[in-house]
Amino acid sequence: MCLKNRFLATASLPLHHMAGNIFGNIFRITTYGESHGKGIGVVIDGCPAGLFIDIAFIQKELDRRRPGQSDIVTQRNEDDRVQILSGVYGDISLGSPIHLFVPNKDARSGDYHHLSDAFRPSHADYTYTQKYGLRDVNGGGRSSARETIARVAAGAVAKLLLQKYQISVDAYVSQVGTIRIPEGEHVDYTLTESNIVRCPHQGTAEKMINYISEIKAAGDSVGGIISCCIQHCPVGLGEPVFDKLHADLAKAMLSINAVKGFEIGSGFEGVTMLGSLHNDIFEKTNQGIQTKTNHSGGIQGGISNGMPITFRVAFKPVSTIMKDQQSITQDGDLITLEGKGRHDPCVVPRAVPIVESMAALVIADHLLRNVNSKI
Amino acid sequence: MCLKNRFLATASLPLHHMAGNIFGNIFRITTYGESHGKGIGVVIDGCPAGLFIDIAFIQKELDRRRPGQSDIVTQRNEDDRVQILSGVYGDISLGSPIHLFVPNKDARSGDYHHLSDAFRPSHADYTYTQKYGLRDVNGGGRSSARETIARVAAGAVAKLLLQKYQISVDAYVSQVGTIRIPEGEHVDYTLTESNIVRCPHQGTAEKMINYISEIKAAGDSVGGIISCCIQHCPVGLGEPVFDKLHADLAKAMLSINAVKGFEIGSGFEGVTMLGSLHNDIFEKTNQGIQTKTNHSGGIQGGISNGMPITFRVAFKPVSTIMKDQQSITQDGDLITLEGKGRHDPCVVPRAVPIVESMAALVIADHLLRNVNSKI
Amino acid sequence: MCLKNRFLATASLPLHHMAGNIFGNIFRITTYGESHGKGIGVVIDGCPAGLFIDIAFIQKELDRRRPGQSDIVTQRNEDDRVQILSGVYGDISLGSPIHLFVPNKDARSGDYHHLSDAFRPSHADYTYTQKYGLRDVNGGGRSSARETIARVAAGAVAKLLLQKYQISVDAYVSQVGTIRIPEGEHVDYTLTESNIVRCPHQGTAEKMINYISEIKAAGDSVGGIISCCIQHCPVGLGEPVFDKLHADLAKAMLSINAVKGFEIGSGFEGVTMLGSLHNDIFEKTNQGIQTKTNHSGGIQGGISNGMPITFRVAFKPVSTIMKDQQSITQDGDLITLEGKGRHDPCVVPRAVPIVESMAALVIADHLLRNVNSKI
Amino acid sequence: MCLKNRFLATASLPLHHMAGNIFGNIFRITTYGESHGKGIGVVIDGCPAGLFIDIAFIQKELDRRRPGQSDIVTQRNEDDRVQILSGVYGDISLGSPIHLFVPNKDARSGDYHHLSDAFRPSHADYTYTQKYGLRDVNGGGRSSARETIARVAAGAVAKLLLQKYQISVDAYVSQVGTIRIPEGEHVDYTLTESNIVRCPHQGTAEKMINYISEIKAAGDSVGGIISCCIQHCPVGLGEPVFDKLHADLAKAMLSINAVKGFEIGSGFEGVTMLGSLHNDIFEKTNQGIQTKTNHSGGIQGGISNGMPITFRVAFKPVSTIMKDQQSITQDGDLITLEGKGRHDPCVVPRAVPIVESMAALVIADHLLRNVNSKI
């Protein structure tokens, strides 16, 4: 019997947090990695066994978010090659955790050292320092956009799962600054990748590219909107009342860096409509029950209704600019930050695959949550 | 040793779902109850012991969302009296689960029976039937707005916790249809409860009330926007990377019936701004470090920065209208639905306490998640 | 733009906990209620729609754990009538949360008031007081055995689900003090309910009853062992590596009051065996693949193998006795506690349905987690 | 508005599972890796920032579980060098996920190929094949003992956290086969590492080593018991009612390969005691409130009471033996399995650090869950 040595004085119990690097319930991912550490990775727990894990497709998705892919994105030169470290044998998923790892290459810590005791405006420097009591000065740690590599890698696996059910997820840039695809224009998702801004409307795309080039030359940045459409989603995904499908999509999108807004279906414009016009009338077609309009955006009562799921995501202008800005240091001293290094004048072209990935992760998780809800 | 009777044939394994009636991680609520069953309730797990549980305050909050409170809301007559069934002893929380229960009273099932085999447009009838294989015809089951009683009751307890830290949560109606508070007008939250539409700008409030009365008389419905401001929130709430504070706020808001959009800080308007103007410049004041502007909406890198947290929530026009509408039955037959019963011509006045409650639940949970993140 | 009123001094951030009243992942229960409050209840989230909810069966299960059911259990007189408050319509589950409530009746707070500032030996008085800073003196709050009502009510619903797949869960008393069913005796589960001690071996049952009666007369208490066998469990339940099926069973059992040990299959005796004898040899039978022996207890690698799942649970002698005991008060003063009130001389007869319920909850949850793990 | 392309026929929805590779609530780990893949790793989410991450200590812990460390363990030759891939900067934790990776070296797949279509007795071959529909033939995939590398690496970080609060976790071998430390003998934890069997009682250790050597020579295996004592644990850890501290310890232990039983405090022996002897009497000492005996094992009502936490874990004889065994193939054909390759004749010496690690993970998680439960 162990009697001696009971607890000692507990002068200071640990102060703590419950961290937020896990996403999803059944198809569940854990991400890790700092922008200027050894690499970025993700562990996927809950992927069914027997799925063909197409590493070429995962790499292709990563290439879509890669820096340096065109003139209008940051010139940081990372090739972002993915490695599969576990969970796959002979290209087939084993049912065990799938670990995808992307080593960092082009980490120029020097670019950031001159910032080390200043709080960059609208960056996470101040909040991270206050929260964690220290600061990973080399590029923002977990607040860096490189963190989204893990989302895209995991999202690619989710897409492979969705493809087995013919579910597609297509995002595209619909607005940059005030330049937007004209109302009522047809959007052909197959054209999204045909230009570097990822806007499937060619005339608008050209204007956007020119505008971003000007912004870049001026050392400034600008925001934009990404629209997304999920097609062939089965009826029944989404769990009342808190885990409504669009609630989980909203959280997924707002968790992406620089996102400030989300709307589904009629969104903010819908508030001015009358119910008699906004209501989507059901009709029976030879494809099954549909609605004549789709103001609901494919989700009713939090549950997918079989219509296309449509939503829009607002991105602010990125905080890193090449202009001088005033700020303060950790000690409260005034300082002028010079614009140095590399930056994305507009984040939306590279964010298209990120939006798709987060959407795919949400749909995959809800697909697995809702095999069927009835006996 | 037990050897006999190994498993039998498992002709049909159960098809299933993982339900979504639980919200929060540490301050965690489980809600239950159908609109026309015995009542609506919530169990709060994770509320610290020693908190004064002011039942009068909880009741006052419920009264703010109560039907029948004014001429511009539904006339369903529920008094919605809350009972505390566990977790509290002598008005003090015990640290054990707090159970709040609100019995249903005025359940006129007859109002809905004529609908029983039709799918109401933009309601959850179709999706629930497809998902669960049956239908609680008496008023929508969990998709009814009565479900929000549980949110407001739990939110009131969260507010009591936040009050100990002087954190306030103030929502108000900023837009109904196209009527909105003029840009730049001062908003005094103490006036929100001074009128029945809950708009703190008196002139705008009158216009809104008149407009809603017209809509009601026409048997139609209209949407609106609720703005919310959280003040005195400490720096450091929010967990990178997926549980960013505004990501959890977005999910909380989109989980409310009829919500179609969410934006934080500069939101959708911010996409047209340049980074050099959008960036919030830090300055040292005698109140500590602040930012000169607040386009970030009080959150940077997913973590609260001590500035007011400001967001806006878009509500569509409610689906229940008093006009005839075409639809189909479960068998696909065409049917004309007559507008009967009671309805809310505009949901936003009653949704103000719901928005506040969901916000309070998110902040309370993150407050408890983030006692401190450093040793 | 909201600029004023940033956060105030946060002199003392809330100290907190993440409470533990939720069990299960998909078939997930939240329990609440104090022994001497208004009642005990449970909310079940994740039960599929379309299940026949047999309230008579739930009541019958509760009657098996009811106090006052025989001479050898506590004489506290509760009839423990269950009410269904949500989630069921016409005896069929809706897929929404099922709320089961059992009001308290015979709460003699007076029995406990003489104890109010003393720490009863081996009770939770001391730990609860230290943890929560206050004390629900009326009968132990959440540490009371009445809390298990919620487990049995929820477990009955889980059993109804398991019955659809012919899975049975049978527990029985195999040992009281040193009296045990002789090695190698046949155990017929249909006899378990034929006597008040719930031992299916009649001769042993009589000895146990006599012994417990003596212990009761002496005002003392004694421990015992409950054995349990789950039959017809399909192959494949259990999730490597942490959520092994027997790991979740172990947690479920140790979460029951007074339980001090758990063993599966060969258990503690297995440590003395050689591997060549312990290994269960596979054979093909006309019922499918089986093992010749079952030292594994129906689980291999954390996953059910189709053989009966067998485990044993050790219960200590309950702490409440009718003898005088020495203790100290909150202030550290010596005090003699007199044995007063009512007590269970041996907890195992009433714990049989509790063990079955917790086992049923684990199996139901894993059944729903593992519809199938492969595409 | 997106109207076309609603969902297609969903011939076969995915069958699925919710995987179990995540452990803990606040201090939360995700593990991955197959025994014969590229390596084994763990991501720790929720470790506070500012903790000194002593990689030499982590390596030392891994060396304690390393194969090939002595004559009585398996001779597989892995040096198991740990790498830190994220979450640490200059030896200090950042608050972001800490990723620890141990590459595999000595993977002789050939050793296992002769087994590829046979089900090894009491291994997970059969259950994994049935569950996942395929089989990682190269050494057992996630069911391999190499998976525990991740537990020990994460447990080492947990120990570093506990050391800040002077909490110690000491496990040792108390029984091998029928050889056990004599009752009442003093146990000095500082001697555990002084011999290769990790039994701190020297005379007993010698007998154990000789016995295991005999068993090894015979190509057989034998079980054992590991005892563990956690000292200086503060009062108040553990969450009623399901997340009792010893319930989480039980789950942690049963999740370790080959574990068949767990008991806390008086355990299975306690069932034969009378309550009047079993109750632990409180007394006030100059070190604070203690109990005279510790049959409770340091936990009362599921909450630590400040006394040493003592528990015992039963390990079966490992299934891999060097003797011929009969079995069947996937097609049901009889086959004789020859004993080839490498094996652990007794797993307990190497399991000591694994038991300590899992215990440390549970205590660290509960420490962070329970900063304090009262306002």
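A, B, C and D label the chains in the order they appear, each numbered from 1.
The rule we apply is simple: contacts are C-beta pairs under 8 Å (C-beta built on N, C-alpha and C of every residue); 3 or more make two chains touch, one makes a residue touch a chain.
Note that the structure is a prediction, hence the values are computed from the model and not measured.
Distance between Cα centroids is largest for the pairing of subunit C with A.
In terms of C-beta pairs in contact, the better-connected of the chain pairs A-D and A-C is A-D.
Computed centre separation for the pair subunit C/subunit D is 25 angstrom, with centres defined by C-alpha atoms.
Centroid to centroid, with C-alpha atoms defining each point, subunit A and subunit D lie 36 Å apart.
Separating the CA-averaged centres of subunit A and subunit C is a span of 43 Å. Within subunit A, the positions touching two or more other chains are listed as 14-22, 25-26, 31, 48-50, 95-96, 131-134, 142, 164, 235, 240, 295, 304, 371-375. Of all residues in subunit D, only 1-8, 10, 13-22, 25-26, 28, 30-34, 37-39, 41, 43, 45-50, 85-87, 89, 92, 94-99, 101, 131-134, 136, 138, 141-142, 161, 164-167, 229, 231-235, 287-288, 290, 293-295, 298, 304, 306-308, 310, 367-368, 371-372 touch subunit A in the complex they form.
Note for the complex: subunit A touches subunit C at residues 18, 48-51, 95-96, 164, 240, 371-375. The residues of subunit B lying in touch with subunit A in their complex are 14-23, 25-26, 31, 119, 121-124, 126-128, 130-134, 142-143, 147, 175, 177-178, 215, 220-225, 235-236, 238-244, 246-255, 260-268, 270-276, 278-284, 289, 291, 295-297, 300-305, 314-321, 323, 325-328, 332, 369-375.
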